[in-house]
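My structure is below; once you've seen it, I'll send some questions.
Order of writing sets the labels: A, B, C and D. Residues in every chain begin at 1.
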């Protein structure tokens, strides 16, 4: 079955659900999944529509034109249309730590992720054999304090060359530049190894140990120029007792990190997420 | 804001979301919350619509008539309309165990439940003072093996007298009769103190201890004539270690029971649940 | 069965488990529960021993004298002995919010808490009837910015009069003074309605909503003069989606708050907690 | 640091903790971790002692002899001593499903498992390249209804040849024979993809879908001749909504399976488990 997904955000007013549903139906699409949310605090309307395009009268350009016309009457309407059935293409960026990379590549190999992992980029060469094992191209782009711009240029060239739609920072231990963040806004997911906003910055498990918390967490968020401050997609936690050393916290944390990151990546690839005011609406 | 809720289940076909949304919009209602699910295995369409009735042109009888006409063209359409703003009226049935009764009455008093707890019925007199404290009428209806039918008749009379819409068996330790189950089908929620279908029947915590499980659970379900086999609304668990005696399992279980029951009751009162083939669709 | 509990913390060295176990055995006590933990990072030894005192040769003063002698050979040994079987006496301090007070008093009534709730103190009169219902003395001590010291003096007098061992701040919405904190160090538990160290201070659910977190939490901790910085006893969380308004977060948070607080209070009353360096060892 | 672990189960009587701790201390061992549990229902005493053997006077044979003497005075004492520092050797048995195998081998590669994965055996050849990638010997032993005994003989020969201490059935889709179960009693861990005792047998996710449960689970247990009835080591669950098809339940279940299996395997390798009457004591 070929499907398309339409994500909509706009100011709320009466008749919106009907308008959007009618737009699909009038053109012969069959809605398979509809989810809608109104945030009363901000008078914002959010909707996700998945529809069968078997009998749909519009091709992608025609549908985009029609949506432009439709949106002209609806205040502050932003929309995203995903049509045509090409799988989104994903790049993983990593350093030396293997668990998130393995996790995503195993899920990819088992058909869990509705995307094509097309590239692995790392500032170290350690995980080359992991990418090789799964048959994914690997490029080593060393980064040091003197070549940051050159490295970023090489990243952009690689991402362009491979037609990448989504970047996943799978424990990539370098801060990415503000320009890069802006260009990839809403298309670059990071996993932070704490329950944000607690323990922003470096060594969160050491911070957690020092504070004596009874829970550790992980947070997947879209990357923004301000470190660890981007829109949160998913969070989860593990309970920890007094037995847990920093090493143990790190081990327990790995399980949370990979679960949280995998969920966030899948939801993005399934077009379930709308960003609004540094927060996310996630239709699950 | 006055709102109405429409729950729909029918065979799936193209255009349904549009039809239902248009029905609301064409009559001047503003949809506040729309959620839709298609179960592909059974080709079933489910939808929940909450709409603002401020500008809605139809009163309740007119809306019902219109829905009857609408449904005549849609195969196997069943629908429920909740309009008019009267809070659903709830009866609690209990025995001697207090925790679920306290939990629901505290939530009621704090305004968490969108319903009116109008009556407490018990086969023992022990919890009368609890009902008194919260200002809820309490009736003691003793039950023994010789008066089961008379007790059931008295239950029905009390429920009718108080205009009850929903019965909650809050650890009521009597099996309710098949006729009662049928009359209250989909309107009587029970809490079973195990993770069904494990440990059906009596003394589930003893069974759990014997089997050496590492998790105990609770299950809220609609009551049917077949014991512990009705449609499941919600389940949750607590982790337990080898330290836990049966007494300890019972104590830990209480927390799970009341949380699970409270969630199920609130979802029912918020009109979030559609029953289909002994399973539930719960729009949360 | 009459039991005693001995909590020990000291610098680690060989033979400690044997010494302490032998001390109990040599005096005729039967160890029912032994738990021991060594924190290698700080070379600290922690132990909890529960023993049957039926055949124990020492009464409490003799046992204390013996422990003083024993500890003189063990560097930095601190110990707490709970003997004699008197239930610890608990005071609840609250304001207008009822859920934690109800939760603790229901547990108390059901025999879940190994302590005697002897007193409820509030800066408002709202919850008097709740205390009355459970038969617990209630005192209204109004607090405003001009009478803080007088109120604190009245608190201390009431706590002394009722022989209180543990204070539970069950959503008490006043900051307690530094002198009070110091006098009740390790004997005053607060529930903070966030996952500390995130969202310190006022209105944590509003902060959580603003940040768009996908999890809310609660933290039970011993009170210290520095606000929300005391040793953490227990934490837990609930998952929240984009549907959750601040009001909804508040409602969901209540369930976490009362569960976390109840666990912390029970563990304290069961003498399971040792404080060390602003962190807790909790033997569960 | 070289350590030894001693696991003890026996009938309870006064002085046991002291006896065992003194046995270690008198021979110059330093206890690093002591955990003890008395099951009052059955009057059983359980203990786990980890001690530093740097200054320990006894070598392994001497220690075993001493324990034999010690146990002669203690009714129904069973003990296990793990000394000498050789890592336990682990064999994985699998079929075509990769997720548990990958999970354990990634953990092994990252140093999370205190054992040596020495062998992978499969009734299919599909996962050979996975074992190759991690550098673990792989043997394909086809099994059909006519060669079951021959296959079992080959298994035993391989296990003997590689000096295997623990077998992990990592989604091995064959029933193992009763003789095999008996010989490997307490040394063969299986992962069952349901929350036992619910959904014993084949296709548990299909059973779960049919019953409309709101939770799915996984259970790690020691294998016994009676299918899915062995002592449970660990269980966990994931919440599922009405959206979840059988395929989705299967995907969600995989995450639970691998987490639960990994925990059980690690606890076994860390010598934290004592089996008693088809139940487990797990010192964590």
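Keep this in mind: a residue touches a chain if its C-beta (ideal position, glycine included) is under 8 Å from a C-beta of that chain, and two chains touch if they have at least 3 such contacts.
Note that the coordinates shown come from a computational prediction; the quantities given were computed from them, not determined experimentally.
**Q** Which neighbours does subunit B have in common with subunit C?
**A** Where subunit B and subunit C share a partner, that partner set is A, D.
**Q** Measuring between Cα centroids, what's the chain most distant from subunit D?
**A** Checked the centroid distances; the maximum from subunit D is B.
**Q** Would you kindly tell me how far, in whole Å, the mean C-alpha position of subunit D lies from that of subunit B?
**A** Here subunit B and subunit D have centroids separated by 41 Å.
**Q** Give, as an integer number of Å, the spacing between the C-alpha centres of subunit B and subunit A.
**A** Averaging C-alpha atoms per chain gives centres 37 Å apart.
**Q** Please set out, as single numbers or ranges, the residues of subunit C touching at least two other chains.
**A** Within subunit C, the residues that touch at least two other chains are 37.
**Q** Name, in rising order, each residue of subunit A that touches subunit B in their complex.
**A** On the subunit A side, the touching residues are 13-19, 21-22, 24-26, 28-38, 47, 52, 55.
**Q** Tell me, which parts of subunit A touch subunit C in their complex?
**A** 37, 39-41, 46, 195-199, 211-215, 217, 231-237, 239, 241-243, 245-246, 278-282, 284
**Q** Taking the touch rule as given, give the residues of subunit B at its contact with subunit C in the complex, in rising order.
**A** Within the complex, subunit B contacts subunit C at residues 98-99, 102, 106, 109-110, 112, 129, 133, 251, 254-255, 259.
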